[in-house]
Each structure stands twice: as structure tokens, then as C-alpha cells.
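Both complexes below contain chain A, partnered by chain B and then by chain C.
So, the complex of A and B:
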């Protein structure tokens, strides 16, 4: 056997050929008791859960009918249809504009916000650090609806503006409207990454720039920004990805005026022809994944680089903040305040008001028409009531179960090396390439036609399975982040004392990461709480959740009910967020 | 009684050959030290014995039972090797009290509650930590943590106690106490112990046998005195002790061996192997005596400086191109002095051809 096959420890140091290699035995003995069987089983099962939906969609795209009808044959007809459909190109173009526009708005604002909150003495810093994250935790559908009721064609602000100025010079239901709303909503995503990088910067470099006479804005542009460039690039890639997969905002704001993006185009195809046109939907998804896959791959590369970078940061150098001065404070606070006003107060305020009034318009003071009757519906209509209960169950119980599953997967990859670990990395990232709407669709198909799963389709299990895959990459990153903090010595000490790897995990690893698990549970809870897209196709009597109910109600235009649902969703998110902070969750992504 | 046998262990990492056939044995009531600079493979060798690293080849037997056999592709997991390992960082579990840390090994071995409690308290009591049993590790000092770590590794009476730089995180004074204390413990309890260290004083003071490692191979093995007084190679001579090293030409004649440099020459004994020619001389600093007057066998040198070190004086000597350090009990005036260097203390190592 050639000596080269010996290098099983693949991802070790770049193997320079030396004389030593020649005498090396043919194979490396595996480490005994390293839970190989467990790791292989878990990674294979995960592979099955991740690949099954993707492969099903891929297969479906090459058929001329639904995959479950025997008459369906292999064909490229669906590709021909989509690639010659003018609406597809329209959607593709709009998607690119939306993603790019979102990046153009979110990246500079997020970076500026990060600079203000980490490198300067801007006032109310502690409060702002929490408040600026809020848009991240609110469901996009709630946010979009919030804009509709406040600045939409018949929104409160629009009416007020018409009343006072005689006109309202904006159109929310336009591509520009969509770009601005999504851009502002994703500022926190950029802020988080850039702020993390900025906190690790030693302040003497900035102080040096100031000492040679640079004003603060020049320091920001010439010194701080170039040094956090990797974080900026990462945030850009992430936002492009999010932009390609965004569904809620373009659906709510684009649908009324016929603006489609790829995700809403897929959704429209469902109803376009009376019969399910699965093959056409599958083709769009395949094309969309071809767009997002390179971004996911690039993100993985950046992330590995980023980990090295974070490790270098270690304790974090002492940072001295820059003094803004009086004028600086006013400018900075107005900037932050304006952004908060537009991206938090406007939509949330709109929803809160809309949920409690039943009449408004030109010359009507909504405050004179306060009511709680919209909430009556939520209790009386069984499907709505079930939706709220289901959402809470899925978030609280499902979130805990998901964390348990992520923990098992995390342990399977913990201190694991070689091929199976690389495989795990990709399995975890793959679902990221698919919008959650599509993950939900794929799981719907699986639960519709895999014999064992069929009885579970109308239960929360089907929804939970899809949620676990949607939250996989975020959840696993949370858990791996806590697992990696345990010194290897602590685990090795248990092994040499006589504990098997299973006992080591039970008695040492899990007790030490317990606080991290609780924090992860709170964050996963919010992720499940705000989700609206995964459950759209999986919705049936018994599997309603707030988010998918809102999407369904939009079609029937039941604005009162939507407002009440949105209000409940915000309330639940607020509770979840409060819990997360109390439990000391570390927020990222 | 020999409890540990290590034969011809080879370990590779990527393309690097980290252990090149290390072998040694260890018996009860004695300490074997693995001594070497960083990168010499001493910790890797210890981890191979513990089963935390997997060597590509070799044989390791613990208590007469093979735990690794490269030929048969047989290997035993760390938890089944019946060893105790003390980590450099101590690796005490932060979520458990001292007593729980120590009790874990007994719990895993199915010892009942009452016995466990008794043995834990006995072991802790033996080393004077009985009163700290209910504390958490972060409430202990470094020295206390280190003793708890040793307790934890000893309480279930493993066949072999492995210690990876157990003293390196202690301050200098504590270290001297601890090496005495560890040696006493090993002798009293008749433990078979292996100690990894980069500190030669620790190895010399604490062990019965020293393995001097270099680049993953054993450079020399022997009792502390033997390895200090009769090094077999320039590396071994230079690694241990405080030394004067000079380069010159080695030549042999009827009366003995000499090394000659620019303006100086010394009689010596050849310890290394090789032909006459270029080579090096190693003279332990303490073997050079400096006098104010000439005498038989004394060499005239120039005293360039005299430094006060507290408990003694350090002299800086020059003789042609030869430079040397020596110690004495009194200050000397710069200028002419006479040095005495016994022939037996001038160790000559011809350069390998």
C-alpha cells in the first residue's frame, strides 16, 4: 500500500514530504473509544435529513409532472418553461436589485452604528446596544405589515400627512419601498459582526490617528474601517444571502403592485395553474440555490478565517473610546434616533395602534376608536387560537427539543477530525442555501409521500422537523461556540480517570456548557417564534402558527386579524427576548 | 516491579516524525523523568502512554497488560488503561467540589458511597487538604489545586501515575517544596510514576531515572548522577548544568588528549565518539576554581569582571580566545588570576564527520 494513504489525519498541518514518511506504517490506528459509531450515525442521519429534501427538489425539477404521479417522466420541460418565462427574469432581476439595495443600505448604516456604539462615548450606549438589535428579532412579515399599516397607501402616517400637507410623497408598494424596508431591517445583522470585530481592535491605532490631527470621521474611514474589512465582507455576503431568500417583505409590499422576487414567484407558481406545478417550483428553487450556494461556501471560508481572527483577539485589548463632544453627540444620537424611529417605532407603533382601533382615515382621530374586539377573533376562531398555542408550544418545547438535537449533533462533531467533520460542516450549512419557505415545501412533500411520515403530516412534528433544519446552522453555531470553550484538558482528565467518552460528555461536558445551552434555547425560541415562511406549505388544521396564519390571512385581506396576530407575535418576541437577556444569551448572527 | 514498558514508539503528525522509537520502563516506588526542551516529544510520549495520542507503531504495556501493540493493531482506550494523569493546567472540573473531583474515579469504578467518602477524605487528609473538601477549584490556590489534581489521579490506585509538567505553574519556592513532596509521596505509597519536565533541576532532584529526549528520540538514559556526570554526547553535556563551552581542535598523543584553540589549550577526556579534529569542550562551571596566586596545575587567566550574585561571586575569565565563567566566595580584583580546571572535568566531543 502506498505511504500516502496513511495520512488519515487529513486536516493536519500541510504535509511536507520528508524522509520520515517513507518508513510510516500503512494505516493509522483509530483512537479507541472515540465514539466513532455514534459520530458516524449522527452525521449520517443528519445527512439524510438535510439531503433528502434537497435531492427531492432536485429530482422533481427534472420531471414533467409531480414526482408522486406515476405518469411523470424525466424531462427538461420545466426548465424550458421557467427559462422562457418573462416573469422569471423579472423576479430574478428584482431579487438582485433587492439584495444589492439591501446591502447598500444596511452595510454602511450597520458599520456606522457599530463604530458609534463601540468606539465612541455616545450617550445611552448600554441601552442602545440592546435596542438596536430589536428589528432582528421581529418576524419580517410582522415588520412588513407594520409598514403597511403606518406608511402604506391607507396607513396612519400617510393619512396624517395627507391631512396636514394634502399629500404623502411616498409609495411603499414599490421596489424602492421594499429595498428601503429590508435594508433598514437588516442593519442589526451588519452591526453585530462589525461591532464584534471593532471591540477587538486596540484603540492606540485610532489614538495615533487622532494625535496627528484626524477628525473622528476621518479616523472611521481611514483607520477603523480598513481594519474591520473582513467583518464587513462577511456581513455583506451574509446580507446578500438573506436578500436572495427574503420572502415576507417582498410578499407583503410587492404583491399588491405585482412586484415579484424569486421567493414570491415560487409562491405564486403554487396557485398559478389550479393544479400543483411542483416541477416549476422545483426549477426555480434549483436556480435560486445555484445563486446562494457560492455565497454559503464563501461564508464558510470567511467563518473559518474569522475563527482564527477571534482566537487572536483572546482577552481583547483595552479600548479607549473617542470623545464625541457636544455637536458630535447630537449628530450621532439623531442618526441613531432617526434609524430607530423608521425601523422600530414606525412598524411596531403602527401595529400596536392598528391592533386596537377599528376606524381611521382623513379627519378621523384613531384614538377615539379604541377597541379590543380584534382580539376576540383570536379566541373565538379555533384555527387562530390553535395558531397561537402552536407557536408557543413550538417555540418553547420545540426550541428546547431542537437545542437537544443540536447538542447531539454538536457532540458528534466535538473534537472530531477528518472527512466526517468536513461533511458535518457542509451538512450544517447546506440548509442555509434554501429559503425557509422552500425547506417547508420540501418537508411538506416528504410528509406527503414517505409512507412512515404520512400520519405525522398534520401534527406539529412535521413543522418541528422543518424548523430544526431551518434553525440548524444558527443553532449549531451557538452550541459549537459553547462547546469549543471547554479546555480539552478537562475532558482528557475524565478519560484518564476512567470515564468513557459518553460518561465524559454526561459528567463533564454537558454540566459545564449548561448555561450556554439555556442561552441557546432562548435564542432558538425566538428564531422559531418569528418564523413565518417554513410553515406556509405545512399548514393544515392542527399545524397553524402565527406567521403562516398571517400570510394566509393576507390573501383574504383580514387586516384586523393580522394586526391582532402581529401584536401577539411582537408580545411573545418581547417576552422571549427578555428571557434571553436574563439567561445571559450571547447574541450573534 | 516493572509496571510500565514502552518499546519503540513512533508517532507522526502530518509529515512530521514526532517520536522516533522511544523506549523506557518504569517500576513501582520510583520516578522516571522525561526531560527535554519544548518540541522534544516528551509530552507526546506521555500522552501516547495515556492513550490520548495514537502512535503509529510501538508496544506499551501497563501492569503487564498490553495497551498498545503496533504489530497487532491493538490499542486500548485511555479509560481502560488504569492510569492516573496529572495535567499541567491541573484540569480540575470547575463545576465540582474538591471532594467530587477526587471521588469521580472511584464512582466510575463502582465503589460504594461510604467507601468512596472515606477514601476521598483519607487521601485529601494525607496531603493536608481535608478541610478544603467542600470548596470549588477556583477557591483554591495554585499549590492546593495541584495537590488536588494529584489526589484525583491517585485515589483509585492506578498502576501508573503520569505527570505532565505538574510543577510548571507554581512559583519557584513552591516548586522546590512540591518536588520534594511528590518524591516522598511516590516512595511512601510505592507508586510507579512518570514525570514530564523541561526543568533539569526538577528532573535531577525528583527522579530515579532520567530519559533525556531530543527530537523524539532518547538521547541518553540513566540515573540523575550518571547522566549529569557522564554525558554521552555534546547535547547531553550541554543540556544539563551550567557550562563553559569552547570550540577547538582535538588531538591525541601519548600523554593524553588535548583541545587547542587560539591562544589556549586544555587537557581533557574524550566522552563523545569520533576522530581527532574539530570539536567542542564542555566544562561545568562549578569545576573551575579561581585563585589569586599561582600553584601546581593552575593556568594564568585574565579576570575581566566580577559580579555579585548574592550567595556567591561570578567571575568572567579570558584566556586567548577562551572565555569561561566560574564561581567563588569572595570578590577578586580584575587582572591576573589563576584558574584550576581538573583534566577529568574537561569533556571533549569531537564533531561528527
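So, the complex of A and C:
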């Protein structure tokens, strides 16, 4: 799910009104041409890795069969089928509703949360600042499965509610259910970006409003919000993008009641014809890319011109937080508590319970059926056990390698301007417009048909390569965010004493950003850990990963195993997050 | 008269030489297979279910390393055709519940013909063109929640099933396999539509009762165990037979007048890297030893001599005597035609709309 991860990325930079560097007037840097060979090499290599899968999909969409069968001819038949298929428009409409619904839920809640945690004296602030980020790091498939288990039609809470009240007046397997789940889960994405913008605001305007007697909510609506409007717009664009790419939640929650969105429609096309119809899948992906491209473009523009909106720029005096008062504290904490209950406790609690019971439901007390046998499977069945090991290897080792790659790309774009940088920007953003399921499929083909890559297909390297592309935009934002913190004067100093750009990077830039790299590594680790879509087509015996194993098991309906895997995934994410915070990952300011 | 005798004699000799040939080939094959030292299987069966078979094979042929890929039915199909196109065939044997897909792979020339010596112990419908072999026999059944539906009210025939759907208390509490989202679901539903005149009546009753569809038997199990659904039908009954052993409120049933059954199919991939190991494994799967291992994991056997689990005979008794296996023949290709497929789905949607 590139988009979701990507959405975090923007936040990483957001705190530093970055990329503004490009608009910063004349820092007298040496000519960028000095590292041209390096930049050109990196950008072309990246272009190859990014464009190969995209062009392959694009080409596939204009054929009437799989691109690799000789009988396939150029044809617009696939476009004709999709564009006249009623289900496609259904899926499109559902996608639009889902994305818009997400925005309507996540943006106000995220903004409110940001306001509480940056502009008021709400209690437990330090703890909350960490806890509110948790939903962002749980794999979407785990999250969706967690909701199924707790508040689905046969969920524990649903059962309890029916037992006590005689009814459970909600339907999880509906578009509303999907919208609420995804909306709540993406509150942190909005929070991060808006909070970063709010932290930079001086508090004098708010104080002025307070001094003439405005209640806090009025200050929030009439003073603070308008000042962070650009951040809100950005968060909205971001969430729309995420909504278009979402796969896990609609797949798990929409499937039982037949609700399709574009990404699940792609997946469904596989079974509809009994044999995979790649040309149809490719068409949907091409249309998806065309739909999301304007969002990507708009987002890039917002980032570029971010500084223009910073009306009240400059580091003001230390901001004065507003006092909430006793009632205010209670309201604020209940609001945060309720949200955490619904978006963290419900799904995770459900999974933890489900992983340890083997019977539940009407008239059955699950506590009488506690068991650890589902975990026995994870150890006994080699592929499941390998899945856990591989996931850890890919996250820890692969994460580190990915950071190294992102650093090289980041340096290629560092203090680079002009056309090649625009090119780089788009190349980084492009994969985000493709569902990672399809990125995985494209890489499967590349590793099958490109002779040089063939021996690597059944190794973790093929998965790693796909992961690097899927995590590209997030990873690069993290790295750029770190790189941009270095004042240009340090590099200039090195250059004036005769260092080459290479030496400057090696001896000045990299040592300075090292702590940032470690933090980035921890975050990339979590991103790789939570991925589930990339490996669906790509994994093979020996290269299983937890996330894709869960999707595979979902097809056969082995819920016991899924629950146990989800539990392990949550544990690993917890460890990763703990590590990230210990290593001082800059998730925000 | 003499002519007949002569022919009989020739036939007998031919039969004899064929048998001895098979045995001889077998020894040579083991040696060759051992030389190859490995086999790659593309499967759509959970490893937890397949493990007993793999262990039994490894115990007998320790020199052959098994590389087992559980990639789902579409994964199996996808890999076979794309690897063949790339001339990078990595799989030796497929083992898939996508019967239609396997027959199509055979018809399209992606698989190798091989006459297994075990074929004599199999029913004649269980082999397609000496290429695709049925390896199990899995009945299509019903599961129900015992606390919601008392055992004595469980439908015994298809007609009773339709009558049950008409009862208002079951409205919105019925599940079935989704023909759109699952290849196996599609196969079960289309097979019924060919076999049963009352299929569309049942489908309409299901629709009128606001029934829901699911992409996997396991998913239906969750809803029935919890009581969200009272009953689910046309699902993989062999799984259910296993589940009821550990889940107290879950029941399994089969309609006595008609119980369809499908088979997990195995076939040898053309130009696979370990052709002899593949033949050896296929033979082993079909042998009593292999079938015992498969049956021990809840997948009933095609061989009457299997006793580690259900076999074709005991299964038929269990389901009430009217077991109707889906034959592996060219008719399986009928619904692989896109137009035919979409037509069925259209009809299905119209019927279940309610």
C-alpha cells in the first residue's frame, strides 16, 4: 500500500518547510554540475526501476491477452470491456465515496487532535503524542481483520452487545463501516501534518482571541484552523490519494457483502474469468494512475510552494498553550480516549482474543475455550515459520539496505535543481499511484523475463526490490527531511576548503545525518513489516512473508492461523516501534 | 474362434508386458528421480493439510527434497503459463483444487501426459487425457449452527433445503459459496446448475431469503459458528467434517438425494526441471500409501483400499448414497469460455437478487 506509507512521508518533511530550499534565494552553492555523473547515473537507474513495471503494465493494458503469449495482439478490447462494465463504475463510485468519507472523518479529527496536543495544556501530552501514532503503524490487513473479529457480525463485542442489549445496531460489512474504519485509522496521518504546522505558529493571535473571551472551540475554528489551512488542504489531498489506493480494509470488510472498490475490483478480475485476465487488471491500474496523477501533481505543488503560505513565518516566541480547565480536560481526554478505544483497542483486542480461543459465538463462553494451539501451527508448518523469519530479515536487513539506497537517491537530489530534479520528484511519486499488489505482479514478471534477474526470482532479493519501490516515496521523504536540515553553509565551508562534492557528502553530510538515518531505518523497518500486498504474487516457497501469507490464508479461510499471524505481526510492529522511538526516529518534530 | 483367442492372447501378453514395463520403469525412475534430487510443487492446498503426504514421501524417498509452494489456485495457473512463456519452468507438479484450470492447462498443452501405474485403482472418470489426475474426493455439503438449528430439523434433501430457506426465521441467515469471487465456488455452482434441474429454484429461494455469499469455506464457518448465519450450503464438506470434531456448536450435513464432490487434481508440468521426481511423486500420491496420508488429513480418498480416513466407498455411505463426483473431462472447459462464464454469473445475479 504505497499511498498509506507515502502519506506518512509528507509529514516527515512537513516540520521543516522544506523543499523550500529550492525557492530560497541564492545560496551560493557550487555548480550542481560537479556531481552530474553521479546524479545522472542514479536518476537513470531509478528511472529504470520505476518505469519498467509501469511501462509493462501500460503495455499490457493495450493487449488482448497476457503480454508473454505470442497470440496476444494489440487491442483496445480490454478498455472496451472495463469501460462498459457496470461493476467498474460501481467500484469507481465506491472508491470516491470511500476516499471522500475518509477525508470527512480523518481531517476534522486529526486537526482537533493536533490542536489539543500542540495548542492546549491537555494532560498526558507526552504519552499521547506517541500513542496517537499507533494506528498508523498497524498493517491495514491486521486492522481490518481485527475489526471483523471484534465488531463484525460474529465479533466478540457484537455478541456481547446482543447478549446484553438484545441487538447490535451496526453493520461492519458496509460502505459506512469501511469509511469509518479507514477514516479513524488515518487520523494520525492528518494529525502529523497539521500538528507540525501548528507547532510553528506563534500564539499571539490565539491569546488575543482568548483575551476578548472567545471559548477554546471558537479559537480552534476561527483562529488556528485558518492559519493552518495549507496543511489541511495538503492532508486532504493526501487522504484522497490514500483512499484511492486502499486495498486491505475494503478487501476484508467489503468482500462478504460484495462491495468492491477499484483495488479490490482488480483483484476480483482474476477469479471472474477463471484465469487471470492481466489486460483487464492493467486497464484498471492505468485508469487508477490517471485518476491519482492530478493528486500527486497537486501534492508536489503544495510541497514546493509550502513556504508561500507560511504567512506568519519565522520562529516566534515560545508558544503559550491555552488552558483547558477541568471540564475541558475531561472532554478532551474523553475524545482522545474514545478514538483510541475504537481505532486501537477494538481491533487489537479482538485479534489477541481470537488468537487464543478456538470456539466462540452464541451460547459459547470464549474464555472456556482458551488455547495456544494456533501458535503451534506457526512453528510446525515450515512455510508459516519461514514467513515470520523472512519478514524479520526483510524488515531489519532489507530496511537498512533500503535506507542506504534511499540515501544515494536522496544525495542525487540533494541541492539539485532544474529539470532532472523535477524528473526525480515524479519518479519518486509515480509508484505511489500504483497499488502495491500490481507492483508485486510487475516485479514477478520482471524477475521471470529479464534474463539477468532470473536466478534471483526465488530469493528474498526479488521481494526486496519490490519493497524498495513500494516504499520509495516514503523513504525518500524521510531522507530528504533529514538532509535538508543541514545548513548549506557547512557544505559550502567544506567546498571552499577544496573538498569535492563526494568528499563533502562523505565527510560532512553523511556523518551529520547519521542519527536521522538510524531513525529512518526503524521506520522503514515498520513499513516493510506491515506490507501485505506486494508479496501476494511475488512470494514463493522460501520467500513467504507474514502479510501476504495472511492474504493467502484468507482465501482458504484459515482464520485460526490468520489470527495467530496477525498477533505476531502486532508484536513485531510493537518491537519495531519501540526501537524507532528509542533510536529517536523523527516521526514528528 | 481362434481369432478371438489369438486376440485375447495378444491382449494378455500386451497387458503383461505393460505391467512389467511399468514396474521396470518405476525402478529406473526412482534412480533417475534420486539423481534429480528435488521436486517443486505448485499447490493450492495449505501446507498444514499437505504435510502428512510430504512427510510420507520424504520418508520413502529421502533423497528427494520437496519444494512446496502454496500459491492458491490462481497462483498455480499464473505460474505455469508465465513460466512456460519465459521458458523458465520452475515447477514440476501442480496440485490444485481449480479443476477447470487444471483441465484447461492440460488442453492448452502446458502439462505432460503420463500414464501412472496406479491408474487401475482409480475410477475411470478420475483421469483427464492421461494428464490430469484426481487425487481426492471432497464432498460438497452443508454446515449449520446447532444452537440455532436443531439436528432433527436439518434438511435431508435439496427440496427440504429450499423449504427451509422459505421460513422467515432463516431470512438473512444463510450463506453459500460465491461463484464470482472464488474459482471453487464457481465450479460448485456451475456443476450443480448442470446436474440439477432444481438448481435455479434453490438459487431463487436463497435470494428471496436474502442469503449472503462468501469467498471461502472458512469464512462461512466463522459466520455459522458465531450464529450470524444459521446455515451455509454448497461448501467444501470435507473441511467441515474435520471442524465439527473440535467445535461443539457446529454441525455438518449432506443432502441424501444428491451430494456433488470435486477433486484436488495433480498433473506434471511440461519441461519441468525434475520430470522423474514429478512422476514418482504423482505415482506416490495415487498409491495406497500416499492416499492414506492424504486421507489422514481429512481429504477423502478415491481408492477403496484406503483406511486412514474416508475413502470413496465410506464417503458415499456417509453422505447417504448419492455421491456424484465431478468427472475430469472436456466438459470442464465449457465454463472457461468468458462469454459462457459471464452468462452464468448474469443468470446467477438475477436469480439471487431476491
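Note that the second predicted complex is superposed on the first by the 540 of 589 C-alpha atoms of A that agree within 3 Å, B and C clash if a C-alpha of one lies under 4 Å from a C-alpha of the other, contacts with A are read in each partner's own complex, and residues count from 1 in each chain.
In the analysis below, a contact is a pair of C-beta atoms (placed from the backbone, for glycine too) under 8 Å apart; a residue touches a chain by one contact, two chains touch by 3 or more.
Bear in mind that the values here come from a model prediction, so they are computed numbers and not experimental data.
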{"item": "First, second, both or neither for A:458, with chain B first and chain C second", "value": "second"}
{"item": "Which superposed partner A:204 touches (first chain B, second chain C, both, neither)", "value": "neither"}
{"item": "Partner chain in contact with A:222 - chain B first, chain C second, else both or neither", "value": "neither"}
{"item": "When both partners are placed on the shared chain, which of chain B and chain C touches more of chain A", "value": "C"}
{"item": "First, second, both or neither for A:258, with chain B first and chain C second", "value": "second"}
{"item": "On chain A, positions contacted by chain B and by chain C", "value": "none"}
{"item": "Interfacial residue positions of chain B with respect to chain A in the complex", "value": "10, 12-17, 20, 50-52, 54, 56-57, 70, 73, 75-85, 87-89, 91-95, 104-105, 108-109, 152-153, 156, 162"}
{"item": "Touching residues on chain A, where the partner in the complex is chain B", "value": "6-7, 9, 12-18, 20-21, 23-25, 27-34, 487, 489-490, 492-500, 503, 507-508, 511-512"}
{"item": "Footprint of chain C on chain A - complex, ascending", "value": "66, 68-69, 153-155, 159, 255-258, 268, 270-276, 358-364, 377, 380-384, 444-445, 448-449, 454, 457-458, 537, 540-542, 552-559, 561"}
{"item": "Chain C to chain A touching residues, read off their complex", "value": "40, 46-48, 51, 67-72, 74-75, 77-78, 81-83, 85-86, 88, 90, 98, 100-101, 104, 145, 147-148, 180-183, 186, 212-223, 225-228, 246-249, 335-336, 338, 341, 345"}
